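Right after this note come the structures.
Same chain, two partners: chain A is paired with chain B first, then with chain C.
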Partner chain A sequence: MNVRSQVSMMFHLDKCIGCHTCSIACKNIWTDRKGAEYQWWNNVETKPGTGYPTKWEDQEIYKGGWEKKGRRIDLKGAGKRKGLVNIFHNPNLPVIDDYYEPFTYKYLDLVESPARSDQPTARPISLITGKPIDIKMGPNWDDDLSGTPDFARKDPNLKALSPAEQEAMFQLERMAFFYLPRICNHCLNPACVASCPSGAIYKRGEDGVVLINQEVCRAWRMCVTACPYKKSYYNWHTGKSEKCILCYPRIESGMAPACMHSCVGRIRYLGVVLYDADRIEYAASVDEEDLIQAQLDMILDPNDPKVIKAAKENGIADSTIRAAQDSPTYKFVKEWGLALPLHAEFRTLPMLFYVPPLLPVMASLSEKDQSGQSEKLDPISKFWDDGWLYDTSTEELWGSIDKARFPLEYMASMFGAGDTEIVKDKLKKLMAVRIHRRRVTVGDIDDKKADQVLADVGLTAKMAEDIYYLTSLAKFDDRFVIPAAHREQAIEMLEFTGDERGSSGFGFKEKPARGL
Partner chain B sequence: MEGLLNALNNFLLIGLPYIAIVVFLVGSIHRYRVTKFKFSSLSSQFLEGKKLFWGSVPFHWGMLVLFFGHLSAFLIPRSVLLWNSHPVRLIVIEVSAFIFAIAVLIGLINLFVRRTSNDRIRVVTNKMDIIIEVILILQVITGIWIAYNFRWGSSWFASVLTPYLWSIFKLQPDIAAVSALPWVIRLHIAGAYVIVLLIPFSRLVHFLVPPINYFWRPYQLVYWNWGRKQVRNPGIPWSIKRPKNN
Partner chain C sequence: MKNLTKTILFFGGFFCCISSYAQNDGVTLFKTNCSICHTVTNQKLVGPGLGNIHLKRSEDWFISFVKSSQTMIKNGDPDAVAIFEEYNKVIMPDQNLSDSQLKLILDYIIANSPEETSEVAEVTDTPIEEEEELVFTEKEVLTGQNLFVGKINFRNGGPTCNSCHNVKTDDVVTGGALAKDLTESYSLLSGAGMKAILGAPPFPAMRQAYDGKSLTDEEIHSLLAYLKTIEEQQYDQHPRDYGQRMLITGLLGAFLLMGIFPALWYRRKKRSVNQRIYDRQLGSSN
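What follows is the complex of A and B.
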């Protein structure tokens, strides 16, 4: 057992309101620079939709991630052979139009326009060439556009559905969508690291943050191809690749990353997980249907004395172990089994987990006749009293997930590596927690039924309460349990602190006049 | 006139190479140590990928072959002469070198057109890019000219130029044989020195940092900023309480 610690994230998709505050927080801090305008280290997509860059999930186009060859895995579009052969022209490199051409408006024209009979306009201009352009694409161009032919219907995940199922999904009455916020997953088997010919990208041992050394990057641009999530970006101005740094300067000083700190829906959680580094290769190379389980199995129980002992032997600080025990990510992912990695079939072992959204699935529980419902709505309590909206009988409930208006195959294509059962399990748990809470707050569900529902999905009332608390009421310190970086210790590894003594704080800038 | 020509020969064949080598060495090392951030191939494929293919690929592969061809005539002249002693082998080497030179020329012209005609690429073009491209084009043209008009260059390079180049490196420059060569050959030689001279000032630096290491390094890289095993000294009491940093 080779225990390492990883700062790992969990996003609760039922809570995301698609406000893009996270993206703006990140942009303001890190990518508001020339050459990085088009980069959104954090972006929020509407699903179904094509995403950013367009159809990034379709590896037939972008050739990202790993693929299984026999018993081993190799990079799909990069790697030692392909990467070096294609170094002069990378056939799998997306170009800026796959993202969008960054633009601004000539606002000054509004101010400086001479008096005319018509209104002055601010024309859009390209942030690359400075010339007027017709804007064709933006980072969230598919926002809220479920059902549209150009975006939603070109979603690569729809391949998992038959044409008839797709048609049904996009019927106006059944149409649904949800938001998918994405950052770099700080993977355990990062394709970006493996693809870099210069060795500029590395994973930090202490916290697992994946970084690009800007002084070593030589613009061989293989990481852009290799990252299946398209979270490594090429800065066309500096000739260096850049990516999400998980706000490591903030993490090191105990602050949450900017996207997480600013998240309006409070969907984001961050905490340490301990994992067994000896199992990385195995977990990344198992058959597709075992991938998720193998990845979850790597994550170790931070309360297990054996794990704690091995962690200490590996030099993991007590404070980090303690943070792992309190980690909200660990709870959601392992203890409660509610969260799943995105597109595990890319085999990078992503360390950002998602609680799949229940709401678009259950938004209409049955195909009942919906006419006249709006008249029946109580004008004051905004509540239907005829049990129409929430049918809480468990058989119908589990059945409704099967016949969900949002096909499970679609969710499974994103979060289950194609396996609907594993996604269904998470959705059932989410539903069970709701039923339990309804028993507590509304009281119209009898205990026997509620307990039965919880038992069906392997939860206890206590667990359901904890899930409810961490989902809905969690305070800042519950959502972000950031391990101390122990910079005071780290610095001693790099330099002798005695040399620096007296060199900070008040002192003389020059020798005093008397030559002391 | 005679004196002027002599001075010119001396400058191009003795002065220039030493200037070029010194500037190249000092400049490249300094740039690598001080402004590492600027060490990049500055790829522009991200802004335009299709036309680049027809420029970059023939240029780079052709250039690699030509570079190693010249290098082998310099390093192992005797083997080259031995190989060339058979006319068929001589013709094979000459013809293939010629074809690669044409590929380089076509590639360079495509690159030049792309660089000057595409709006986006113009934004990421500086003066040095243009200078380098023009010099390289001229250099390839003189090279092709020489290959065509003064046949069997691979042989006379090995027997005439190699001793001269070695004399430069041995700090006993001997240009007697070389100064008698036709002017385009001398121009080609001087052009090579200019290119070497410009390496530290241009994007050509990326040629000094080929990612050879990639062959034998493991795919995954994990770096620790501090020795995680030594750091845990049981003598130091660390808080076992929850870290108070948020």
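What follows is the complex of A and C.
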């Protein structure tokens, strides 16, 4: 057992309101620079939709991530041999049009334009060429299902659905969407690290943050191809690739990353998990249906004395172990089994987990003859033409999940590596917590039934309350359990601090009674 | 510490300058710059003996000839052209010396010239001794070839001959075009002249290149052997002339590569995935 620690994230998709505050916070801090304008280390996508860059999930186009070949796994589009052959032309690289041409507006024209018969306008200006452009695309052009035929209908996840199911999803009455905020997953088996010909990318030992050394990067851009989440971006101005750094300067000083700190819906959680590094290779190369389970099995119980002992032997600080025991990520992912990695089939073992959205499945929608309702109304002024029954009763408990507006196959394509059962399990748990809370607050469900529901999904009333607390009431320190960075130890590795020790401060006016 | 180094460098440089100026007397100047090709008597070396030059040429003529003989020849000075013709059109390298230095040299020559005979105008160019025909073994010729092309390095680290010079032969690769072709150098400069030049090169670029890396006597001997053989055998040699073929082959290769790379990279992602959306959009100019 080779225990290591990883700062791991959890996003609760039921709570995301798609406000893009996270993206703006990140942009303001890190990517508001020349060459980085198009880089969205954090972005929020509408699902169904094609995302950013367009169709990033379709690895037939971008050849990102790993693929299984026999008993081992290889990078799909990069790697030693393929990388060497393609090193000068990198055939599957996204082009700027797959992202968008970044732009601003010539705001000064509004102020400085001379008096004319017409109002001045602020023309859009390309941030790459500096010349006026026609804006063709933006980083969230498909926001809230806009341009559905071009974007939502072309969502790569729809491949898992039959044409009839796809049509059903886009019926106006049944249409639904949710938001998917994305940052770098800081994977345990990062394809970007494996692909880099210069060896510029590395995973930090102490917290697992994946970083690109800007002094070593030689702009081969293999990481851009290799990352299946397309979260490594090439800066055309500096000639180096860049990616999300999980705000490590903030984490080291105990602050939450900017995107998480600013999150309006408080959907983001950050905590340490301990994992067994010896099992990485195995977990990344098992069959597709076992991928998620193998990844979850790698994450170790931080309360297990054996794990604690092994962690200490590996030099993991006590404060980190304590943080792992309080980690909200660990609770959601392992203890309650509510969160899943995004696209586990890319085999990078992402360490950002998502609680899948329950969406409008609290009620089931069924057809019902409602003609009786019309008779109650004044026939001239009003009539009842709705033939649907919006059934919020809990009579048919789990049936509503199967009939969810979002077909389970769609969710499974994103969060379950194609396995609908594993996603269904999470959704049932979420629903069980809601039924439990409905018992507590509304009181229209009897205890027996509510307890039965919880037992069905393997939860207790205590656990349901804890989930409810961490989901809805959690305070800042509950959501972000950031271990101390122990920078004092890092400094001691580099320089001798004995010279300063005891010689700083104002000294003593009188000799202390207990002696110096 | 840094300041100390700087001080040492500064004063060191200063003293170096002084010591180099101290050598500015006629003897040294003549020895370093002239004596390889010229004597102060009437004896010929590579160039004519300079004994009693002051009786034949004016001081101005002497100075301007030494500074740039070719300029004088181009300007059609009859004496300069005559000398040039007489000495097999061997170009005397321009000497980077000041007027005062040249005067010092001239003074030295005057002072050391032999007593003038009654017939002042009749100066006979009589070499010291009849130049004996040098005989070389085949092994020496081979060593010379190896030294010339750099298969054997010069002992003192001097640069290989063919990095600047070419000789007409089938046996070795074509040499550089930076300096004179040496195919006929042996008869042009004579064995003794070549020996002197190789021992202490008078040509500025060559002097610079071999500064502190002078050739040993054996090396010079071997090189002479090689150059003599080259000259004797030059009419049997047929070096290949690629001419236009070089260019055509290059162009063909370039076209071939231009075909191979697109074929290799045929599966490249050529269009943006958004291209169909962009194609539909109307620009502000439409």
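What we mean here is this: the second predicted complex is superposed on the first by the 459 of 516 C-alpha atoms of A that agree within 3 Å, B and C clash if a C-alpha of one lies under 4 Å from a C-alpha of the other, contacts with A are read in each partner's own complex, and residues count from 1 in each chain.
Criterion: a contact is a pair of C-beta atoms (placed from the backbone, for glycine too) under 8 Å apart; a residue touches a chain by one contact, two chains touch by 3 or more.
All figures in this text were calculated on a predicted structure; none of them were measured in a lab.
J.: Aligned on chain A, chain B and chain C: do they clash or fit?
T.: clash
J.: Which holds for A:109: it touches chain B only (first), chain C only (second), both, or neither?
T.: A:109 sits against neither chain B nor chain C.
J.: Answer with first, second, both or neither: which of chain B and chain C does A:54 touch in the superposed model?
T.: In the superposition, A:54 touches chain C alone.
J.: Is A:444 touching anything from chain B or chain C once the two structures are fitted on A? First, second, both or neither.
T.: After superposition on chain A, A:444 lies in contact with neither partner.
J.: For A:136 in the superposed arrangement: first (chain B), second (chain C), both or neither?
T.: It touches chain C, and chain B stays clear.
J.: Thinking of the overlay built on chain A, is A:144 touched by chain B (first), by chain C (second), by both, or by neither?
T.: neither
J.: For A:483 in the superposed arrangement: first (chain B), second (chain C), both or neither?
T.: first
J.: On the superposed three-chain arrangement, identify whether chain B or chain C touches more chain A residues.
T.: B
J.: Once chain A of both complexes is superposed, is A:95 in touch with chain B (first), chain C (second), both, or neither?
T.: Both partners, chain B and chain C.
J.: Which holds for A:312: it touches chain B only (first), chain C only (second), both, or neither?
T.: first
J.: Would you mind checking which of 113-121, 131-139, 185-193 or 239-247 on chain C runs into chain B after superposing?
T.: Superposition on chain A puts chain B right on top of 239-247.
J.: Overlap the chain B and chain C contact sets on chain A and report the shared residues.
T.: Shared contact residues on chain A: 89, 91, 93-95.
J.: Across the complex, what residues on chain A touch chain C?
T.: Residues 50, 53-55, 61-62, 86, 89, 91-95, 97-98, 134, 136-137, 150.
J.: Looking at the complex, which residues from chain C come into contact with chain A?
T.: So the residues of chain C in touch with chain A come to 265, 267-269, 272-275, 277-278, 281, 283-284.
J.: What residues on chain B touch chain A, complex-wise?
T.: Per the stated touch rule, the residues are 36-37, 39-49, 52-53, 56-57, 59-61, 119-120, 122-124, 206, 209, 211, 213-215, 217, 219-232, 238-243, 245-246.
J.: Okay, in this complex, where on chain A does chain B touch?
T.: Touch residues, chain A against chain B: 79-80, 83-84, 87-91, 93-96, 128-131, 189-190, 193-194, 196-199, 201-206, 214-221, 224, 234, 236-240, 253-256, 280, 312-319, 322-323, 326, 476-477, 480-484, 486, 489-490, 492-494.
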